[in-house]
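Below is one structure; the comments refer to it alone.
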């Protein structure tokens, strides 16, 4: 899996203008919905408050994690720690073996995508089915999710109709209600058969060991309630300090994500009831890299609402697959380089105009555009970008700007080059990328400096 | 919006103000500089142009080359060291000085000088305390809000207030005013398919307004959108002018 | 596997070294207050909000009226069998349901629960500004109740209404969390839904396609 920016995916997205326009319109509606929902409440105050709670939680992460572990185990749950993705997968396989599991049902978990968990379970002979409708669809299609909240938004209803004919053997329909019913029926049987249910975590409350999971479909509820074993998968950053902090996040998450006032199901898992075995796998998988750098630390505040994706002009055009990894959009561009390694994903932060729309949307006020430009600096430091033409160009240009005489020489050279370019109708390299669809301004005979000198 | 707006500060009549003119304006759009001179003359604010200035370093900063950017920032701070007030007709260069010099190194000389840089609209409205600059410009005008000016400096409201006070000017709001035009510096040539697509959305929004003139606090945005419009509609009657040029008009 | 635990915690501590030595106190929690509206007014808000998300709300005078209203609702939904949560209030209302096959959920296994047409639950608190109901599910049969049957009926006392997710509303979750009760506290708002196909709203995703709350003024 490559994690640098995938231009072929962009080209593919551009090659389907109708589908692309549909997705862009869908995302625009999400943004408008979110804005309406936010206008009903004291949004700026709440997002500042949420930012502060997350800042505190992240700054005290070790203490809160151990507090959470203690509380969770007191209420009958088992806590397992995973330093790496492999550790986490090993825990999951171990749990399945211990409980003789041949069938697993999964609620939405982005971290499990990072781990490639489904593939590992399948290879161990365990049948694993995604129960969130969007995840179920992309699983059938053998694709990765393209959006944090709506994994299958890149597919049309016709695409899904054809997919269900092929994979579920139903008659063709493109009616979303009918398609949902087909998935519901198929999944009912799977919930009943499964020995293990796995879900993600929205918030893990340190004070009481309570886990909050938020969803609309009810598949999270069923995945956690029906099978006798329930496994929570969470990144270390999901901890919040107190139960009293929950209402704040409940108030802002759905509004940012979908424009709803609240999601249909806000679960607070209190502890393992009789006859139930519960585990929580706490996963690092390079999150401490994000934590260690004060300039990237805020990216751990993310509550995975997807709002930054919805508003990003790049995401809307390029689509989720262009980002190459588990996470797309601005948050994807910010965390992927650290989670998977700068050299692999170093290009992602460059695919942005740094417009800052993402920060405006973020319900926890993460300074995304600043992190993007900082990660460009890290990529250059790592040598990921240093050898390129651009780098050499920048270095040369900075030298040219060092003092006035050098600057004036460069300006004269530029004017001659521009005149030449106009005469022959061709510009080199990067300028060709400009002139393909845009006219180039011609430098006037006299620069401002020259005018100033002449007239003052 | 996430931007912090400069707190109202006291400018004393007669204090000298330095003009920081973006390097690309010096070479490609000198009329913007000339408009600044004319405008400040009418406002009776002594405007000086320190000739030694070259570039604020933003292209290097945005490309991740912070060594080069820091080097240019230091140069910048030496040129403007003695000025209490520095005004720039660019949200993007303004943000570089105000926000990003200190983001790179909060303890640097450049950070200190950068904090004294003001985007044109913010300077006139917040520092000079003026909303009517005595300008006269006939025509239907729409304003494109550059992203750095909007989000890092919070100067949109000031710019629109100034435009609305111009005699004869028919201001019409650009639909999707908060959407990026797609220039983004190197982005424009490294990811041209994305850049052009975003610019086309901007052109479509402009067409919806029926405006004859498109203005902005950033010539870089205008260069990109104008370039796109002239290439796709060579017969277009749209004119692209920097905010300073409209405010300087009489 | 204790290596992983110390490994992760050590990595976290090391990552936070630049913050060491600074004692940090948490910011005060954000509190959403009650309003001074009457319970009756809150009930109206609740009904409006729940209706907006395709749920139904009925405000009834007493248990008898509740039973009658519930029976009507069930008939309209073609419900024949009802599984009841192990809550005294819900059980008591259920006693009035003549002509329906009523069973306590604890007496049913999973496949039997799956075949039931309707779940009957008690809400320990109601949130007026979103039309939400908090249900405490402390055993494994009750836990599947809100999702398996295609219709969900919830009974609640008028007194349990709160303006929003206030500290008082949080209490019923906090009490169970601290007293060591198990299972889950579920805040449910309307029927199950999804928009995963082209953002088109579909009700009755995995959970019930219909949900109704009966608010009893004098329980």
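Going in written order, the chains are labelled A, B and C, and every chain counts its residues from 1.
Assume a contact is a pair of C-beta atoms (placed from the backbone, for glycine too) under 8 Å apart; a residue touches a chain by one contact, two chains touch by 3 or more.
Values in this document were obtained by computation on a predicted structure and should not be read as measured data.
The chains that touch both chain B and chain C are A. At the far end from chain B, in terms of centres built from Cα atoms, lies C. Across all inter-chain contacts, the pair with the most C-beta pairs is A-C.
The mean-CA centres of chain B and chain C are about 53 angstrom from one another, to the nearest whole unit.
Chain A and chain C have Cα centroids separated by 30 Å. Chain A and chain B have CA centres that are 32 Å apart. Across the complex, chain A is touched by residues 1, 4-5, 7-9, 11-16, 18-19, 24, 26-27, 29-32, 49, 53, 110-111, 114, 129-130, 132, 137-140, 143-144, 146-148, 164-167, 169-170, 173-174, 176-178, 180-200, 202, 204-208 of chain C. Contact residues of chain B toward chain A in the complex are 1-2, 21, 23, 25-30, 32-34, 49, 51-52, 54-55, 57, 59-66, 68-69, 71-72, 75, 100, 103, 147-148, 150-152, 178-180, 182-199, 201, 223-224, 226-228, 230-232.
Interface residues of chain A facing chain B in the complex, by the touch rule stated above, are 10-11, 14, 313-314, 317-318, 350-357, 359-360, 365, 367, 369-370, 373-381, 385, 390-391, 394-395, 397-398, 401-404, 407, 411, 414-415, 430-431, 433-434, 436-441, 443-444, 446-449, 451-453, 456. Note for the complex: chain A touches chain C at residues 22, 26, 29-30, 46, 49, 52-53, 56, 59-62, 65-66, 74-76, 80-83, 87, 91, 131-134, 137, 150-153, 155-157, 160, 176-177, 179-181, 184, 187-188, 192, 208-210, 216-219, 221-222, 224-226, 236, 241-248, 250-251, 258, 260-276, 282, 284, 288-289, 291-292, 294.
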